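Shared between the two complexes below is chain A, which has chain B as its partner in the first and chain C in the second.
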Partner chain A sequence: MAETSLVGSERTQQETTVAAPPTRRSILWSKMLTPYFFIAPFLLTFLAFTIGPDIYALVLSFYRYRGYGSATFVGWENYHAVLTYHVFWTELSNTLFYWLAHTLPLIVIAFGLAVLVRSKVLRGRSWFKPIIFVPNVIAVVAASLVFQNLFGTQYGVINTLFHLHIAWLEDPNVTRWVVVLLLIWRNLGFWFVVFLAGLTSINPDLEEAATVDGANAWQRLRYITIPLMRNIVFFAFIIDAITSMSLYTEPNVLTAGGSQAIPPVAPVLNLLIVNINNGVFGQSAAVGWLVFLVTVIVAAAVFGIFRLTGEVE
Partner chain B sequence: MMATMPIKRNDRSQAQRRVQIFLMYVLLAVVVLFSLYPPLMMLINSFKSNSEININPGGAPQHVTGANYQQIGAENSGVLIAGVIALFVGTLLTLVLTKYMFPRRNAIIAGLVSLIVLGVIPLTVASGGLLRNFLNTVIVATITTIFAVLFAALAGFAFAKYRFWGRNALFTLLLATIMVPTAITLPPQYLIFSQLNWIDTYQVQIIPFLTPVFGLFLIRQYMLTIPDSLIEAARIDGANDWLIFWRIIVPVASPVLAVFGIIQFLNMWNSYIWPQVMANDPSVAPLMLVLPNLRDPVIGFLPVWGTIMAGCVLATLPILILFLTNQDKFMSGLTVGATKE
Partner chain C sequence: MNLQQRISRRDALKIGAVSAAAAGLTLAGCGPSASAGGPTSVNLMTWGDATGLKTAFDSIAGIYPSLAKDIKFNVVVAGANDFDVANAFRLALSSHKNIPDVIEFNRTQIAEFALSGALRDLSDIISPVKNDLYAGAVQLASYQGKFVAVPFQVKSKLFYYRADLFDQAGITLDDLSTTDGFLTAGQKLHAKFPDKYILNLGTQPQQYIIGELLSAYPGVEFYDKASNSYQITKNPAFSQAFTFLQQIHGAGITLPIDDFSNDWAQAFQKEQICGVLCANWMKAFLPQYSTAAQTGKWKVVPWPKLSPTLSDQSTGSEAGGSVFVIPANAPHADAAIEYMKHYMLDATGSVAQWKQNGVITPLLKSAQPAVLDFFQNGTKPANVTDASWALQPQNFFGKDFQQIEFTSYDSVKVLDYDPSATKEITILLQALENILGGKAGVASALAQAQSDMQSQIGNPYQA
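Up next is the complex of A and B:
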């Protein structure tokens, strides 16, 4: 500014008065664009690698396409093929079984443990929290492989220790329960810690007041703790249901190592993978969207059950 | 406090109470045993030879051997040492970046350079083996975590602190996609990445995972609580938006950034279905993919349990170290979404 004013003060003065409105406007423009710059990296990546493929998957599910050559529009044929394929129903019921069999014991035990560890009569409470959480930090594949080793028929730890000959991982009816056990084992610590955090946020005055009024431990639990924890328990059931529908690693690695589990114990996502491997991409995409549909229904069902028994925020 | 003390109990209820407490301890002991037994067996069995495990799967090792760990390090013991260094650097780097260094502007560049120097060099030296796959996991998880945190922090800032056209609609749309399973994109992505020649590369394992909506949500919720006056004060002092982000927002939001970093790193560490389809080649495949397929080189179908268990220890160790040194951040971090609801 100082330099230009030396050249001609009259002219610079004129310039500043004239230039002022555009400058303000350009500031306004950059101000308007700033947030878009900040969201651009996330949004563009998300559009290109999540939303785009999601839509592509939807389109793909109406086409017959083998990965090369031309794609032909087949309408609902892929969905029809998947829905009339008995393996789809077997594997879908497996996924639903894994979810239903583990979610209730998991959340009830985790809740009970949290209440237990929080009760003031016990010593060494700070030790239980990290120890019970440890299974959650074991890599999923590692945990599945360790369970495979534990439950082997001929060389397994459990059978050898107790001199049993149970075909844990060969008989599908038994194997399903080993998968459930693995799911409970791995997730127990997680929800335990979540519930513990929730219990800590409850005002201790409430329990004290109830104690003064003569409520026993069970009554305090029933009429104070559980109602106040309702939303967190609801959250636990919803998240567990949604993630259960995408179950894949545990049943596969536990029962089949690196290869695909057999249909009697495989989760529904196996069909999606098998279809990719077979090059029937349209049907694979159809399975994906059906799994999404099931996820929405299951989440809505959990929500509905909670709604029946009271308000949910 | 005195008022809450119960009226003196009689002996019978005292005894009853003692039994109750005893039963509580028994119950907790069972849970602790249930939780720790599998990882303990993993560790014990990793020190048995492959043949001993078949005879003696459940007991203490009769001949303690480190052969399984040598097996992991391929033929080259130098690779093993390099791998161990990369292990610590890779995991600590992520932690340090998200926890302490984020306020500094060049932290990410410095982190990436050191990761390339310390991670890629041993990788090129590596002749193969499980260690190579371990390094693949470290590289993919670390790079993904750094960029995912950065992207989500930038976007979270905009969604929390700016008013702009389409903000709420966009955010709702993003949240709505949370229920769509990631696996749904596998068939189209496979076709797309085949076209791009990206199958069996690192980027195919990294780029699709840079934008978890959950992380964006978490960070945005946290940034909503940062007072506007802080930003206004910086603006009056002449700071531009970019500077405000790095000097004010990132330091203040560093706890939630660290939390999301941990979640993202764990998810990437555990990823299995995606690399199974996209990155099968042993040169880029993560450890998790190779571990279940280890078989006896002579007999073929027989799993080599000793080596597998040593590999499992390797797969678990970095996360376990991370957990044991940062217990509180870890546990509050993983559960923050639940209690914030």
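Up next is the complex of A and C:
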């Protein structure tokens, strides 16, 4: 190593000395921090536009605030008001109903279609894929308005064609099932594509081997295909459950056009929107956080069911 | 090699020049909206479609060139409905930024902002024309004794009915003056024409029916400040109004279709609905739904009294109407006031915009002769199609329509709305839906509504 003295000719030697190589510690720090630099843009945006507003909403839920002027701390009053409001429980039960009633048929039909389209039984498979996916591409408002025309009581297409007089969109007990039908119709294409991609990734050698061993189509499906698809099915149930908790457009546009659906049909987000529209932001924030809590519970329940059945690794 | 040594002096000067230019452009954009001597920007916030308001400004500026010279008019559409406008204004007040110069509101919404001091006092411009405004317009402009708004569109109560079918069924307007008479007339019409009904009323009515019925009662309010309590179960107006609706819904005289539902327009076209207890704005919808084939068959009168069960229903208003307000902190309040003075508060200006748009009827009595003259003698403007002209109120309902509408303006009574009026009406509507859906009786539904208002709103005057 070079001398550290800076006197006379030794300075030149000092200045031309090559810098010491990086230490092991600095290499480790560099390796640790580099990935964070790459995800920093996302992290900063996420903090600024998701976590930040969420924390603000949580704080706001303990205040009475019209969006301007002074905010008054009210403690748990907003949560108490929401939890003791019968409309909240009605709309929450509607949301849970829409989720439970549409998820299972949706996943089963989408999976079945994917298996069918992938099989060699069906001809013209390349035609079925875009046809099944088209409803997913249609704007949700447009789809809801079309269903409104189909299911009108007096002059709807269904009642007119089959000479019925069912109050599809007036009787809440019936209207909820129309909403379920709309949800299944619109989301079928998306999960069909997801399942089809999953099925395509299954090694065909496994099925060939099973065929050689004498397994029929049903046995191959039950003992090879379905077990290998379990993670994707689990993903489908979880994602669908989470998005179902934030359902808003379909019930409202279907039953009320540009207005709000009545409570026997409305999802729980309607209460949040009503409070926002009326400048009751504290209660609106409370509804939002209660919906978040319900979403966590629902997701945990789905997780738990899959773990219990051993379907998740 | 050192980074500093890589950037030459020339490059550093270039970077500095570009940065300075960018900073200069940014700062220039932050300056006042009008340069000295240029027109002043007036921003008007509304909902829905901006076309009518822009056309109105152009027509008024054509008559008053100084307006075109001094004002650059911008219309900002906050969203699809009045809730969006209210939320946008709350956001502007919260951030103290982008406060518009003029805002269009529904009359139900101004209580909140008037009580918080967010609205400018407009007594200076309303008082000079107060005696020239219709009584309903004066009510629209005032809140708790102060003028805080410029009336824009008065919503008066009008009853539209198929005069030809009423004649065939032997029904006169006098038959409708009592509640029992109305029920009997409805049964008579349905007996004569089994596929037709005197009204439509489903299980999910629009909320304006509540305001229309309640506003006829003197001094009705949702919340009584003196006793700090809601009046839903105490004031008989609520039970009487809701009982009436329950009665006509259960009597088989109403077509079970709701207003603005998918089936509503077709029901008019198929001539199933023979009467509409509604507001003056229905003049824009009914001709389109019924089509020109029903021209001359529909007549218009004020609401029947429907006494003694209800308070005189020929008076009142669903929600008063819509108004323009000027925020207390509007950046260009003077220019905004100048425009408002030439718009709905000036006979010439208000007639000019009405001739262009055909929708917003002038609210000054001094403008009435010009409007009536146009109704009687006006010819089709070049930019209006024949089909559209045929559906204009004077052609569809008859030449006497406008005089009837003008007369109805003086019968307008505005409910004494409190700052939580929109949420209170939402809760009342839920009660009405339960009653019409057979899920609750009137008394229990109103008791539930009162309880809900107490738990969800509390004191609406509390900040």
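Before moving on, here are some points about what is shown:
Simple rule for what comes next: the second predicted complex is superposed on the first by the 262 of 313 C-alpha atoms of A that agree within 3 Å, B and C clash if a C-alpha of one lies under 4 Å from a C-alpha of the other, contacts with A are read in each partner's own complex, and residues count from 1 in each chain.
One rule holds in what follows: a residue touches a chain if its C-beta (ideal position, glycine included) is under 8 Å from a C-beta of that chain, and two chains touch if they have at least 3 such contacts.
Keep in mind that what you see is a predicted model, and the values were worked out from it rather than measured.
Once the two complexes are overlaid through chain A, chain B and chain C clash, as defined at the top of the document.
Of the two partner chains placed around the shared chain by superposition, chain B and chain C are both touched by A:Gly156. Once chain A of one complex is fitted onto chain A of the other, the partner contacts of A:Ile297 are absent, as it touches neither chain B nor chain C.
By the touch criterion stated above, A:Ile276 is placed in contact with chain B and with chain C alike. In the superposition on chain A, contact is made by A:Tyr248 with chain B only, not with chain C.
Counted by residues of chain A touched, the larger count belongs to B, out of chain B and chain C. In the overlay built on the shared chain, the residue A:Gly67 is in contact with chain B and with chain C. Of the two partner chains placed by superposition, only chain C is touched by A:Tyr85; chain B is not.
By the touch criterion defined above, A:Ile305 lies against neither chain B nor chain C after alignment on the C-alpha atoms of chain A. Shared-chain residue A:Ala142: touches chain B; no touch with chain C.
In the superposition on chain A, contact is made by A:Leu188 with chain B only, not with chain C.
Within the three-chain overlay, chain C meets chain B in a clash at only one of the listed stretches 1-9, 91-99, 199-207 or 397-405, and that stretch is 91-99. Chain A residues in contact with chain B (one complex) as well as with chain C (other complex) are 67, 149, 152, 155-156, 257-258, 275-276. Against chain A, the residues of chain C that register as touching in their complex are 80-81, 83, 86-87, 90-91, 93-94, 112, 116, 118, 202-204, 206, 256-258, 260-263, 266-267, 420, 422-423, 426, 430, 433, 437, 448, 452, 455-457, 462-463. Chain contact summary for the complex, chain A toward chain B: residues 32, 34-36, 38-39, 41-43, 45-46, 49-51, 53-54, 56-57, 60, 65, 67, 113, 116-117, 119, 121-122, 128-147, 149-150, 152, 155-158, 160-161, 185, 188-190, 193-194, 197-198, 201, 208, 211-212, 231-232, 235-236, 239, 242, 245-246, 248-249, 253, 257-258, 269, 272-273, 275-276, 281, 284-285, 288-289, 291-292, 295-296, 299. Considering their complex, residues 3-4, 6, 21, 24-25, 27-28, 31-32, 34-36, 38-39, 41-42, 45, 53-54, 56-58, 150-152, 154-155, 157-159, 162, 164, 167, 170, 174, 177, 179-192, 194, 207-208, 210-211, 213, 216, 241, 245, 266, 269-270, 272-273, 276-277, 288-293, 303, 305, 308-309, 311-313, 315-316, 319-320, 322-324, 327, 330-332, 334-335, 338-339, 341 of chain B touch chain A.
By the touch criterion stated above, chain A contacts chain C in their complex at residues 64, 66-70, 72, 81, 84-87, 148-149, 152-156, 167, 169-170, 172, 255-259, 262-264, 274-280, 283.
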